[in-house]
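Below is one structure. I have some questions about it.
Every chain is named by a letter (A, B, C, D, E and F) in the order it is written, and numbering of its residues begins at 1.
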Amino acid sequence: MSQWENNEQSPLSFNPLPSETIPRYAGIATFMRLPHYAPDACDGTEIGLYGIPWDGGTTNRAGARHGPRQVRDASAMMRKVHPVLKLSPFELANCADLGDAPVNPLQIEQTLDLIEAFVTKLTQRNIVPLAAGGDHLVSLPILRALADKHGPMGMVHFDAHTDTWDRYFGGCKYTHGTPFRRAIEEGVLDPKRVVQIGIRGGLYSENDDNWGLEQGIRVIRIEEFNEMGVDKVIETARAVVGDQASYISFDIDCLDPVYAPGTGTPEIGGLTTIEAQSIIRGLRGLNLVGADLVEVSPPFDPSGNTALVGATLMWEMLCLLSEKVAQRKR
Amino acid sequence: MSQWENNEQSPLSFNPLPSETIPRYAGIATFMRLPHYAPDACDGTEIGLYGIPWDGGTTNRAGARHGPRQVRDASAMMRKVHPVLKLSPFELANCADLGDAPVNPLQIEQTLDLIEAFVTKLTQRNIVPLAAGGDHLVSLPILRALADKHGPMGMVHFDAHTDTWDRYFGGCKYTHGTPFRRAIEEGVLDPKRVVQIGIRGGLYSENDDNWGLEQGIRVIRIEEFNEMGVDKVIETARAVVGDQASYISFDIDCLDPVYAPGTGTPEIGGLTTIEAQSIIRGLRGLNLVGADLVEVSPPFDPSGNTALVGATLMWEMLCLLSEKVAQRKR
Amino acid sequence: MSQWENNEQSPLSFNPLPSETIPRYAGIATFMRLPHYAPDACDGTEIGLYGIPWDGGTTNRAGARHGPRQVRDASAMMRKVHPVLKLSPFELANCADLGDAPVNPLQIEQTLDLIEAFVTKLTQRNIVPLAAGGDHLVSLPILRALADKHGPMGMVHFDAHTDTWDRYFGGCKYTHGTPFRRAIEEGVLDPKRVVQIGIRGGLYSENDDNWGLEQGIRVIRIEEFNEMGVDKVIETARAVVGDQASYISFDIDCLDPVYAPGTGTPEIGGLTTIEAQSIIRGLRGLNLVGADLVEVSPPFDPSGNTALVGATLMWEMLCLLSEKVAQRKR
Amino acid sequence: MSQWENNEQSPLSFNPLPSETIPRYAGIATFMRLPHYAPDACDGTEIGLYGIPWDGGTTNRAGARHGPRQVRDASAMMRKVHPVLKLSPFELANCADLGDAPVNPLQIEQTLDLIEAFVTKLTQRNIVPLAAGGDHLVSLPILRALADKHGPMGMVHFDAHTDTWDRYFGGCKYTHGTPFRRAIEEGVLDPKRVVQIGIRGGLYSENDDNWGLEQGIRVIRIEEFNEMGVDKVIETARAVVGDQASYISFDIDCLDPVYAPGTGTPEIGGLTTIEAQSIIRGLRGLNLVGADLVEVSPPFDPSGNTALVGATLMWEMLCLLSEKVAQRKR
Amino acid sequence: MSQWENNEQSPLSFNPLPSETIPRYAGIATFMRLPHYAPDACDGTEIGLYGIPWDGGTTNRAGARHGPRQVRDASAMMRKVHPVLKLSPFELANCADLGDAPVNPLQIEQTLDLIEAFVTKLTQRNIVPLAAGGDHLVSLPILRALADKHGPMGMVHFDAHTDTWDRYFGGCKYTHGTPFRRAIEEGVLDPKRVVQIGIRGGLYSENDDNWGLEQGIRVIRIEEFNEMGVDKVIETARAVVGDQASYISFDIDCLDPVYAPGTGTPEIGGLTTIEAQSIIRGLRGLNLVGADLVEVSPPFDPSGNTALVGATLMWEMLCLLSEKVAQRKR
Amino acid sequence: MSQWENNEQSPLSFNPLPSETIPRYAGIATFMRLPHYAPDACDGTEIGLYGIPWDGGTTNRAGARHGPRQVRDASAMMRKVHPVLKLSPFELANCADLGDAPVNPLQIEQTLDLIEAFVTKLTQRNIVPLAAGGDHLVSLPILRALADKHGPMGMVHFDAHTDTWDRYFGGCKYTHGTPFRRAIEEGVLDPKRVVQIGIRGGLYSENDDNWGLEQGIRVIRIEEFNEMGVDKVIETARAVVGDQASYISFDIDCLDPVYAPGTGTPEIGGLTTIEAQSIIRGLRGLNLVGADLVEVSPPFDPSGNTALVGATLMWEMLCLLSEKVAQRKR
């Protein structure tokens, strides 16, 4: 038998294709080789992996619109059991690929609404959302939908940039450099429960970071990061976000460009994948209600290596989310 | 609404995602953006597009195992109506992506059996099979399954190589250079109803082509092809295969490598895509019962251009098949 | 001496860097190695080459925003004298690189206004504009500016697509698939003096082309093109546009993707570069008042070969424009 | 004089081409620019570098069949003297490129026999074998040949994967994921003298590693590796393999994919090249009787950077082997 | 048995590795899989294939120094029998790979002397030289060596450029744009027996071609080429070079860049490979005493497709040379 | 308004294009988006960024001639304020792109003179030169020009190679492996004030480094580097060069090839970008009178990632230079 059966009326299956018997390059490419269901017909799903193929907020090199498809392809390399956390997300929670959120490449604000509505559909069904972007602006409507359910969110934010700039090109409020300023202004993100990790690169002006710092964001620039070391960073991050509902937003450009050349705004001197994996694992047990992995831009890395990194980090986050889902079921 | 709904119990949908409203890079990558059903649960399907992710018969550069996935990705560029044939395959026949045939990368003969069983499952349900390979050895089990239903097959064979060699590496009978010799020996292919188009490249010995010629195959080498011109080639091909059940097997290396660098055994001096499109269109009305597009090898063309060519030629063949399906329904 | 001196107050120079003494890979990359002047300080310029780094109207794969820079780089390969037309554009007219039109990647309609204002600045100074796009929507504001001076324009339009669709994604009027519908509706393009060459590819519906045909556009699909031959196409094109003010708009996807893989919406089975060069040369003497070369998308061809093709076709068009400028001076 | 003279009857030369006088990109590409002799006519050779162009055991992405040729090309960058070990392998031992082992891309077990016979031919002549793979299954026949001479082998095994799985795809015993299980079962590898370094990535099941651990393999997963540090790892590895005949098997995927993207089963979060070089140097003086460098897959890194890493690590291992050969001569 | 044995004292072998039993990607990469001998120890060789890894005469993009190695790699795709000419070069003449001519990347004139001496060594042994460049300047010392034996040479010259410019960069006489001017001035090339095919691209000045035309060279620009058609071009070329000793020099940039992107000075609008193959075949029977294939520049086409084209054209020329050698033996 | 105005007669502007309003991919590509002036007409310039598009001293893989253009392109990613040093170079000093130094790809010694003359023109106007190479031989004429003004120079030299070899290919004194031997012999470099950081890779002979050590150069090989740590390296470097006029020469191959694959002579096991950035920052306050960034070779990294690294390191050095210029003004 070659494939998961996806149009039965019996209870849905949530098993990924088994790589021991079906080679990884075989079959329709879905996230982690999971079955694909539409959000309207996914009864039983507890964690919904979905794509947001959109880069309408990009100010420099576009291409993240192609991210979900390449990440799906690369995610076929994932296996079932996490070797360090000693758990299998697919046993802890019902996971499925819920397809892509609807988007309009030519309309920014309409798309923000479409994404919010899509995620709201998931949260209303108690499905934990795990997204593959898309540029970083997509985190704004996700946070809106989550805050609607959970209240102002805490966030562990991996990035080379703070993304708290105000406006671009003479007045544009909604760009991939502004989502968290908007989210804080709108009250969907609680700045005192936000930690930003890996920030670096030149500034437009000396005051670039001030607004965020004034709101109470804990910014760990790369120089401080390297001095603190991974364990201290984890400790700080956990302390900042606390016990309440929190989110992980992972911009792939947090990593050094050698690990992730396929992105729009690379900045040299970033995190290694080992560091990123270690920190995510260190967030185990936080009260996570969603996560995203954004800014994978395939045209700038046709090899797919960036997408492999992205897929593996999604897998790491999925492990945390599934454990939390299981805990909540108990 | 973003995606086809694929686990209803009402009659299945066979509409591709509409590119006017859902961008081409969005959504799970299936052939031509069609819904994906398992062969066991695809009631109503009339043409089944499927992949064969396998290159176990390859004697030189492997990689065609990755063909189906990249062709699916590129096929999102197809639209609904053929501008010259003036028809829409999706209106003429119920089309669906039936996933990939099961394969074993480490076992040749077992895989041939698996593929034959998969295609037989389709033919038993009166589904016309349209495959994306895979290396050219996959045509052998397909022909076995088709001949089981239709008797010895005629074939229009596009290729740089005759693929009628006997053995490789001191005794191996089943390779991508031997499928049609085996098919003729087994009686599933009628050599007198076979035409080979685009043959070229050096020979292992002066007698390379003799066996096929002796069986009655009509070989049109590239030099003769260029002298005849497209119209004469079409006329000849139609005359050779006649009115009985026939197959089109399109090895992408039939094309000049500039159009299809992503293949295992490129030979310079081949067909243009315009020539290939014209000939396929010229085969309109033949009694076609299946087709394949093989030897797209993504590792040798990460850009996906070869896959775009392959997907477009699959679309051309799909148009012929759909019209035939519609005629048979009348 | 290594470079043109560009901040004197004596009359400006319009000589390209000489490749006999300064290697092509040396120096700041400007179009054709010409001096770079701002539109406000380019006295004496007769033909202004400029870029439009914008792809905000793109419905599929973005990237044409990077076109001008890569075309500038490739254009260093151009030399001084056209070997067939027997003329040197740099002797016939004062040519300069006028930089890039201002754009906003996040605002469609604002950008159309910015481009129109930029081109109007040129036309007011009697500078003939020659653009490197950018996606095809940029032709709309250029035509607006030109029509303001010259009245409704004729156009020789090279493309795989008619670009006369109405709306995308449920209501978007301004996309790279709609510029010429808008231009005709606005009266800046005279449909009876428009010829479209190289059209091909599947259709969204059977009626895709009808609107344009009803307006009186002469559409030469690729099949008709191949039957007519280049000489007949030239004759037809000249007859259609006539003696009045006309424009050439060259979408690089008119060419077969082997010549131009670096584009957003490739369609197999297109023109060769020899055909394109021949037709452009055949348009010699038309009353041309501007031209553009659009849809070069560097992320999809990092090798720069597409840009080399684009730069060479710009050079071919520059030769026609310069001759016309010289005639008008007499 | 341009090349080594290779068909004299006087004693054979074992000098690499001198890069001070013959540029690195010149000449036939052999390992380290050494003379090429057939194994039947290589009198005096003490270390035989050879290729195994075969990936018939690959379960995911093939391409390692092309490894030897690309590694040969890249190895022209090697020089004569090791700057840290302060030795020149070419002065310590007679080294030669002995070509490629015979293989059959379509037959797994036959190929294992062919490789074993090839290596046995070398061991019978007291030639120390240093291989460039090929996929990791090639280590099995090499170990068979070495154990035939030296008894059960110890091994320092660099890899992201333990390669001690049992079967794939429903019963296949011989794959690149199983060589060391087979080798232990066959008694050619002594599990108590095996150390595995760099293991990581998800598991098929919680018990994946158990079999190896039960046999007594010392597994150093990447997390333990990072805690131990290089010096401790070296100490452990030396203690495990002891004084008896030992082998180094280096799977390039042990390294982080940024150093070695050109491989079939990349796993993020791996060793750096500095770590790998340091550990190999730390193995100096062990009783090494052979080594291999496997899983370089050129189609996934056309730049050749992975091959450069592979060639440099072969050079590091060659230095150890040559010193040992010299010691044994004393 | 895996490899040709190359250090026997019995008569040398001249058989290429058989691709039916040894896969193409196996073994040391030599031209056409032929045995490799040093020029001083190649008794019996009748046609010597050799490389000239040098681009010291390049005025624009360097890289042809890497040409011989990549062409050797690609040439493994060649087989034994020419399907149209119906001959096997390896049966008609003893062919061998004689390695690379010595070169100095930092010294132009010294290198010209080294190449001339190398070729002279071949001609003195009655070995017909077939070179893979290197940039086009390498043809000058080859012609010097050949003329020393045969008198002033005739030449069929395939190229986008005439390569008869006088000087570059203010006085440099020896560049890849000047070899044939120098050869004519030195009397080693007879201009009245030279035909240039495929010339195109812009000119530095109107007089660029005049010098060559005045000497009596027959220049067939691409426009005339396309009007004449292949048969007429062959007829003309044969008439021009006549019965006396002649040479073929094939600059890969004669082809359209889609066939040969890997070259230093691409010009759009060139020959197809089918045209090139047809013309070479049409030169059968001419009194050919050598040939070269130059300007393959691997850094600009890592895929190796350009090298495959180059290797195939070398094979076409080898077939002509071998037939001539056989005729002379009778 | 889109561009800096560059042919006014009022005082020149030295502001880079603002990325907040003009997207980074827009506009002519100059270093750091600075205005471009010719050296003869750049009144007021205090730091001159310039390119040296030349690789005539390269002994292995050429391509650095294309470095300046690709580094200019990548440098558009730089912003205005250094986030750690807390300064803006464009406010501290008048910076401009002064174009490329004149070069001759076919003449080594002439080019050295041309470069020296170009840099002398700058030093005579008190402009601090910051170069983008070009191969490393270009540092020799720069040092000659600087020493003419400042006396024998100190130097912090980042490199995988000492570049103090004597001769190549039997007598060539001027290569990219010899510049600092020549500079020391000529007295323009004071060996006792030279520190070399990151040296590694095999040696031609055991004595390769001896000459430099005997002159008094402080060589920090990579092994010592890793033991010392960044802070100690900075301390040592500062102590070696002292208070007198000093230079930074950064060969991109100092970095590990994963950060800089686009270079001619990669050596595995090098510095990270974080280390490089940290050390450069640690040189703050030294008496720097110039700097260069060399050996970026675009053909070996078409992605431009190497150039991004190069541009960012130029930006780091620019920050030091600008601060020094400002101090001298006080």
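Convention: a contact is a pair of C-beta atoms (placed from the backbone, for glycine too) under 8 Å apart; a residue touches a chain by one contact, two chains touch by 3 or more.
In this text, all values refer to a predicted model and were calculated from it rather than measured experimentally.
Steps from chain C to chain D, taking the shortest chain of touch contacts, total 2. Matching A-D against the pairs in A-B, A-F or C-F identifies A-F as its interface repeat (over half of contact pairs the same by residue number). Separation between the centroids of chain B and chain D, computed from CA atoms only, is 40 Å. Annotation for chain F: residues 23, 25, 59, 61, 65-66, 105, 168-170, 258, 300, 303 touch two or more other chains. The complete set of chain-chain contacts reads A-B, A-C, A-D, A-F, B-C, B-D, B-E, C-E, C-F, D-E, D-F, E-F. Considering their complex, residues 19-21, 23-25, 77-84, 86, 88, 258-259, 272-274, 277, 303, 305, 308-309, 312, 315 of chain E touch chain B. Taken in their complex, chain E has these residues touching chain F: 55-59, 61-63, 65-66, 104-108, 168-170, 172, 174-175, 299-300. By the touch rule above, chain B contacts chain E in their complex via residues 59-61, 168-170, 200-206, 208, 221-223, 226, 256-258, 261, 265-269, 300-301.
Chain E contributes residues 1-9, 12, 22-23, 25-30, 36-41, 51, 53, 65-66, 68-69, 72-73, 97, 99-103, 105, 118, 302-303 to its touches with chain D in the complex.
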